[in-house]
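Here it is: the structure, laid out below.
Chain IDs A, B and C follow the sequence of writing; residue 1 opens each chain.
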Amino acid sequence: MSARRGSLVLGGVLVALLALVPLAGWHIPWVLPSTVNVLNATGTLEVLALCFIFAGVALGYDVLFGYTGLLSLGPVTFFGTGVYVFDIALTRWGWSLAAALAATLVVTLVLALVLGAIALRVGGIAFAMVTLAFAQAFYYLVEDNPHNLTGGDTGLALASSRLPGLLSGAVSNTRSLYWLALVYLVLVGAVVRVVLNSATGRVLVAVRENEQRVEVLGLRPFGFKLVAFTLSSLVAAGGGIVYILLIGTAVPSAVASITLTLSILVMVVLGGPGSAWGPVVGAFVYVYLQQYLLKVAAEPSFASLPAVARVPLSQPQFLLGALFVLFVLFVPGGFAGAVARARARRASRRPAAPAIRGDT
Amino acid sequence: MSTAIDITDLHVTIGGSHILQGVSLQVASGEVVALLGRNGVGKTTTLRALMGLVPRSGAVRVGDQDVTRWPPHRIARLGVAYVPEDRDVFSALTVGENLRLAEQVAAPNYDGVYELFPELRQRTRQRAGTLSGGQQQMVAVARALLNEWPVLVVDEPSKGLAPRLVSELTDVLARVSATTTMLVVEQNLAVVRRLAQRVVVLDHGVVVHLGPVADLEDAGLMRQLLGVSA
Amino acid sequence: MTVLADLTFSAVALSAVYFLAASGLSLIYGLMDVLNFAHGLFMTLGAYAAWDLTTHLTSTLSAPLNFAVGVVAAILAGAVVAGLTELWLIRPLYGRPISQILVTIGLDLAAVGLLLGGFGSNSLSMPVPLWLFEATHWGSLNLPNADFVALIAGVVVLVGLEWFLRRTRYGIIIRAGVENRDMVRALGVDVGRAFTLVFVLGGAMAGLAGLLNSVVFSGDLVSPLQGDGLLIFAFIVVVIGGLGSIRGSAVAALLVGVVQDFSNYYLGTHPGMAEIGNLSVVLLLAVVLEWRPRGLFGGTL
């Protein structure tokens, strides 16, 4: 009980500090991912806001993957739905902000229930494949630019005329978008906590551990899995909305491709699936490293490096992929697993066995 | 007499259930031991753990080797033949392929196997999945006898077979037992009486009784241990 | 009528490439429960190995010989990289299927990143015999020679694979392992060697598929992302055919190739339907899974 209160206090302090970042004009050389080495520079705030968004999406995804034990390869479907439905409603149809939000919510909810009901008919690897196929179908659909709605490959810029001034894409508003992203993350964290601590959350974990035993208790695992699927879909769509507000353009390769799905998976596995804070840390590490490596590669001195060093370092995808492989091989359970093992060692008890549950 | 199989304090946990909670039993060379108990007490799991097919802790020795950390194929190659429950043959493979897969020695004894099960000789090209239950059990036993290994581990050979087949199969196992150490799980007590010299009774993952096969005649004891009248 | 025949022929050639990509995936999954995301990488590396050798080392050879070198290079590159993947990355993670999937995802990300850094994201052109881009005329039919090459490769591999799986000891071990891995072990067989073998075989076929994909469908171009694009369709073929079934993969590859090519031809020219071929394939997958959740040939080799 007190441990939980302690981590709540710690989380609260962290959030408060992060909320103050836009007001702090400190000069910090080297460590910041933007080209200007000032803490509240637009570039830095944007990267941090991206961290918040993907931390939220990763938390939602982990409800499905880490807690319920379902490997979905389709979170991008719902992230993309959030991006595109919101963008189209505002930009193409000129709806009001509230109407666009409502439309996005309804479309996501219906889509999640329908696709979830179909995909959850199969389990294990087949479930992963079906969700992947749906995600690809979604990708092809937005690439196709039906009725000139999505803009296809060229993308769809968000028309900011229908947005309140504070949220419109102007650079001076990065600060408010930063706060919005932080609010999104805190909200997601709270909702996910409440659900996982409820009776439903305990059934989800039971489904992961032993589905038959849940059935023996007279509960239908299907319904609970659908709840997890829908919750993580809604969270992903919410992340999509904040993303399009922040970035301002929807491009299929960035918001609807399998690359994004894999990124989310990498974040969760780096941080530690099935842990309260692991996915958040994983998302921060992933987004920060990706952006920082791009910054390093853009340094003028970088071009003078020999090819052996320059080629790998210029590709965040290579370094993140390699890091991911090392974690899977040597750090089961990601950061959260490593911390749990370190704690267990200090308490000189036998090491807990977190890793990826159900991975046997 | 040397010990062929020596299991000490064997624990197995599967999917959160602690199925074996410290099983210990020995089988001496040349002996036939029957493992008895109600359904779901851990008999099959004991055999699977012996073969290295489930994660286990404790100690398992075969002959003078500690095989506790060995993978299944190395345990088998020590000379432990295994007939799994439910006549688990490869249904997509032919009878001949099922036997060929089991070949592990330079000169597998096909003649001996076909002498024991003449029916299989004509069926080598038939898919095992299309055989009757009795024929499938013959394939499973034939597979285990092909290499003439010194130890045979059999999981409920008589399960689901017609009485005539049960007695045929028991005859075969009785002949084999003359030259082979056997650990057999069996519910059919008539089969046990014919084959075994000793019985071991499991309940809820622990050994509750060890004794000579004559203990089966103690009706009160059997009712208490197995819930059946012998 | 000629349109129909031409179209069918090119669809079957496409199917042959899908089959080459999918059969290895299916064997690997069937035997080891590993959903191999690095299969796309094996395809890409096959194509790049062929490109590198044929443009640099052996470019002075005659065109057909140079192409033959490319084919061998593609097959070897796929086989070697796949074998090393199994030994170094998959083997330490035996018994942890999700981690095995994740490690192949990481490998694919990292290696494709390296290719992007080393060769750039633009496609590179490979020297191939001009004969490949000509067509053979049969009456009123125009059959592209490249399609013939793909078709022959597909049929040769299918026949060879069936022979291997039915006539050799390792083939029997693999078929038995797909059905029940543990029981094969309990018979004294070291299944680990069969694991490495299916990766090597799958990698070899993937390397060939990558090269053919470049030559037949991309106008002799190789690119770092080509394999990952093909991988999605290979996955779909494997699931439709039934995980672990070679015949299933063959039938499903035909189905997917035909559906994709025909819907592209008849519907793809309408505005906003450029991706209809790809979409119909996904639809096909959904229909098959609703009808038979284990695929067309689920569970038999």
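The rule we apply is simple: contacts are C-beta pairs under 8 Å (C-beta built on N, C-alpha and C of every residue); 3 or more make two chains touch, one makes a residue touch a chain.
All of these numbers come straight from a predicted model, not from anything done at the bench.
Enquirer: With centres defined from CA atoms, tell me which chain sits nearest the overall protein centre.
Expert: Chain nearest the centroid of all protein C-alpha atoms: C.
Enquirer: A-C versus B-C: which interface comes out with more C-beta contact pairs?
Expert: A-C
Enquirer: From the centre of subunit B, which other chain's Cα mean sits the farthest off?
Expert: Of all chains, A has its centre farthest from that of subunit B.
Enquirer: Where the CA atoms of subunit A average out and where those of subunit B average out, how many Å apart are those spots?
Expert: Here the centre of subunit B sits 52 Å away from the centre of subunit A.
Enquirer: Can you give the whole-Å distance between the Cα centres of subunit A and subunit C?
Expert: Spacing between the chain centres: roughly 31 Å.
Enquirer: From the C-alpha centre of subunit B to that of subunit C, how far is it in Å?
Expert: From the centre of subunit B to the centre of subunit C is 43 Å.
Enquirer: Residue numbers of subunit A touching subunit C in their complex, please.
Expert: For subunit A paired with subunit C, touching residues are 71, 118, 121-122, 125-126, 128-130, 132-134, 136-137, 140-141, 143-148, 258, 262, 265-266, 269, 310-312, 314-322, 324-325, 328-329, 332, 355-356, 358-360.
Enquirer: Which stretch or stretches of subunit C touch subunit A in the complex?
Expert: Spelled out, the residues of subunit C in touch with subunit A are 29, 33, 35, 89, 92-93, 95-99, 101-103, 105-114, 116-118, 228, 232, 235-236, 239, 243, 272-276, 278-279, 282-283, 285-286, 289-290, 293-294.
Enquirer: Subunit A touches which residues of subunit B in the complex?
Expert: 15-16
Enquirer: Mind listing the subunit A positions that touch subunit B in their complex?
Expert: Counting only subunit A, the residues touching subunit B are 209-210.
Enquirer: Which residues of subunit C touch subunit B in the complex?
Expert: 169, 172-173, 175-176, 178-180, 182-191, 300-301
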